[in-house]
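Sharing a structure with you now.
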């Protein structure tokens, strides 16, 4: 079940970057959820390539086709099958990948593990897979509409928002192609990405996600802690190298007397370095976490690659690639967070 | 199955800090593994309280009793049941916790979720649970003896090792109570912890783990990526707030041309910012990751706590607590890493 | 995961009888299996309606379209997505089902459980779902070509084969529309089914399955016994009411001295009332089991049905239905058996 | 997870017949269930050897010791660990099994699969394992007290109850050592078992289970049908060879017009050949099923056995064995049924 996420609200997926279609099966969606198809499409559009100058110029329609589980616009409680057909497949762009392994890609490891791979555009290892997640996440959001999930770009390279999330206006996230609610930083980031793109290079960044209005009690003790499942989900996204929540890595430098979140009489806390989770279970305060993305490995520069027969040759990256993934990663982070939260919401109903 | 970790090599656990016993069931351990019981005990001793002046002075025997699955010293392939009896239980130390919720503890969230909890010493939320993990990890290490797993303390508060792990001598890890192989830093850290302890305060830190001699091909695509499972496992440890592997959060600041690991002709790479994993699958290079621990929440200082009936009162922490968890966390990190690696090793045998 | 079967070789499915398409995702198929697509289609044809006079006259193309996981005819080890589009949908035939519950159908229970259902042709409860299983089974058979799986009709109503399976020629199974290798009984059964069909009635039957050339050691102790998983799989087929293997229900009437299978010196047994499985693990002898199917609930006669608003009215079944399901059930039984065997084959590789 | 049953209410077990202890971990038990420990013990006593002349004369205390998850008599929602120590271990009785494989036992298959086994008393393959199930079942019954589960012996050898279960008084089940509510048949059975015992032989039988007051809607579509999970659970019991529910194998001989259960206006049905389940989901009518047990394989007669080095020798069974398992199987069947029902009850809460 290496292609499944979740326990009660599960998504199982398939699909290669240049195959006929990608798709998935959502199992465990409660019945009687009225589906807003336009919302799902709008979420897909946020992830879609070709939205702006700072992302890849590939054109993909990214239209999802639901095949089951929704009857007359309302979920039936049975499994929801869906596909996204691959339209604009410039497979020829990828012929040079057949016999070579690009540095810091999954080409080499997949080849070693499986001995057979669809090399076109990365095949199954392509981040195109995340289109499936956005579909399942968009449905998840509709199951728990009261919970508010906002992700945004908090850094690109060395350029970083210096404000607390409480001081940001989430309404500004979608106002710029970087998806950064600090507009000054946003334009710095945009400029920097364009510069990097011109160089044929790429750059990393971080996405911060804030989840508000979470009921107390989501999460399980010991091995299915809420933050452990969030972390696992985020670490499943292509190019992610790190995850921290609440105080995060900074907390490791602090004293207990500085880090502890003192209570108010109503059970809320005066500070929230816990990040809304204590002992793996939500405490009703805002959940927030940060996800680190490495720079995209495919460069539109010359680079040494390894050939099938153990030679190092120079190769120029081709195709249409993102100079920086974080703007398009924002809806993906939200989608996974929504899936995890629905999973725990259902679990919580079961166990109480 | 919120008390189970793993898919083919699974550990299911039970136990409260002040109950009769903790224990677990290891399922999926291959047959015909000769068990070195002394090694298991030595791993438990590394985690044990009371080892040195910088950890809690509780005395616990922490002797594991195997009840099944090992016949005449050799595993039979059936489930391995074990218990660790709770000896030195000063439950009275914890009476003050019955009606109060300590800040940044799981007291409040467990009470809200379950409505009934064993409050003594944190009950199920206590890090005493990790004794079970060390048992399962010590067996896991014996299943894959060729893989070398070394964790160590890489920072305490602001004091941090500045060397690459390649420049450290792992043989020095156990030479000092902090478990830091940089001896100069180790004594700085030790001194600092003692100072913090005297203040009745606590401090956080980080543990770095290096895994060597990993075969190529461990890990699954998409949702069971090797680093995602390692991350989830680490985020299950009490007090962990962050996880990063390879380039980690630093990678988010880099350009692709800096971050990419160029190949040698034999498939190894010249650099290893990937951290030994590409596309979720091991590439044969060293795996390394870093885990951030917040400071222990229990202070031996006066602090405001919340009462059951919604009052804020001042309370003085009692009992015997660690001023800094990272030295004792080292064997726990290794244990979980070993379990994850065995799980993927078995999975890999299944799927090829 | 109520729409998933298997642990390492898993099939997750979706689809309603009269939706756009059915389909599934096969996860855990090893890489480098060369796929014989004609064989898959021929298995689908065995299940297909309209094959003969004794089965439903619905015409369905039942062509499977693979969307991923197979590259240039060979599996890649990643998930295999597939769909079967619904062609000939006479949905109007089913309008009368919107507000009524047919006796001994799942209409009532689905409506009570989910509150929303695709009533057309039974929706998700339709045996049309089994088309997905035949696809996954046909691939499973190609993973373990050395294991021979033969199912056949062993009884229809009161007409029953009286020979041991060893005295039957499995090559005759496909020689007649009933799929009964005892040709005399086959023609009796055929005649009887046609008579029943003329009456607008239906009739039950049994399918026997024989699995040969199974390696010793498949199956897990305690809760994943080989026969328990076979039983669960068979009990998942629509209309199945019973499962027995080896001596089965007859064994309950026997003495130990009659039932025990004495060994030969090579570890084979002189008799095989165990049905090839001892303690849940295959012993290398033939595995055989029998599956009981009730008569199809939809009659082309007048029958009392329950309406949505709690009235009993008389209704005449419409649509095209099977007078007896067992002939078409034969490939379904084989498909599920193949999936279970692959699952245990992979598990066995993992744990030894 | 071959030693785990259940999905939300799970039991994971360990233990060999002659090891230190057996035991298990119950995960997913809701919090705030007040536990009646006397009831648990009384259930264990029903399964216990030595209760009467017709069962094995081994003496085992079978006292369960709870180690966690229950605080001051009430469940806390965390995992419940328990052990049952093995007292009266006449291991010497089993020395003759070290190098021989008994016919129709799991000795041979375990040895082939694992290469190492605890041969004493069958080790992990012993039905002593079921003591764990009775513990988890006794707790399950307390979670769903409104559902009434009654199992009883319906046949021993050729002696069979000829009445419908509706004509039996379940209060008489415990009135006789056979656990057969038809007292005339009960004494016939008892006499027959004693006769068989005197011969050093054994005999099979069937257990019928009736579950009443089940809410409508338990069970999942497609692969986790209520009867499929009940069947899998029953087929996990040692010596079980068959399972049928509702009309069962008889249904396969019937016509649809005879078998269909016509509705009453309130949604109940006039007949109940469906056995309380339609399309895998409970319909509110009584659930009933029948389980076939083969005769115990260990005879207290001389029998040919296979030796480790491939010889056939004559051996006399030793030890204390049941001449007929069905009387002691009654509480085991009930326990597993209770676990399955709790699992689906929790699942149902999650998905609606």
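We call the chains A, B, C and D, going by the order they appear; numbering starts again at 1 in every chain.
Convention: a contact is a pair of C-beta atoms (placed from the backbone, for glycine too) under 8 Å apart; a residue touches a chain by one contact, two chains touch by 3 or more.
Not measured: the values here are computed from a predicted model.
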| item | value |
| --- | --- |
| Of A-C and C-D, pair with higher C-beta contact tally | C-D |
| CA centroid of subunit A to CA centroid of subunit D, Å | 47 |
| Approximate Å spacing (C-alpha centroids) for the pair subunit A, subunit C | 39 |
| Averaged-CA centre spacing for the pair subunit D and subunit C, given as whole angstrom | 27 |
| Multi-partner residues of subunit C (each touching 2 or more other chains) | 1-4, 7, 13, 28, 31, 77-79, 113, 124, 221-222, 347, 352 |
| Topology of the chain contact graph, where touching chains are joined (line, ring, star, complete, other) | complete |
| Of subunit B, residues touching subunit A in the complex | 1-5, 7, 13, 101, 103-106, 108-110, 112-113, 124-125, 129, 155, 157-158, 196, 201-206, 216-217, 219-225, 227-229, 231-233, 235-236, 238, 241-249, 251-267, 269, 273-275, 277-283, 292-299, 301, 303-306, 310-312, 347-348, 352 |
| In the complex, subunit A residues that touch subunit C | 1-4, 7, 10, 12-16, 19-25, 27-28, 31-32, 65-69, 71, 74-81, 83, 113-118, 123-124 |
| For the subunit C and subunit B complex, residues of the former touching the latter | 8, 28, 30-31, 77-79, 221-222, 346-347, 349-352 |
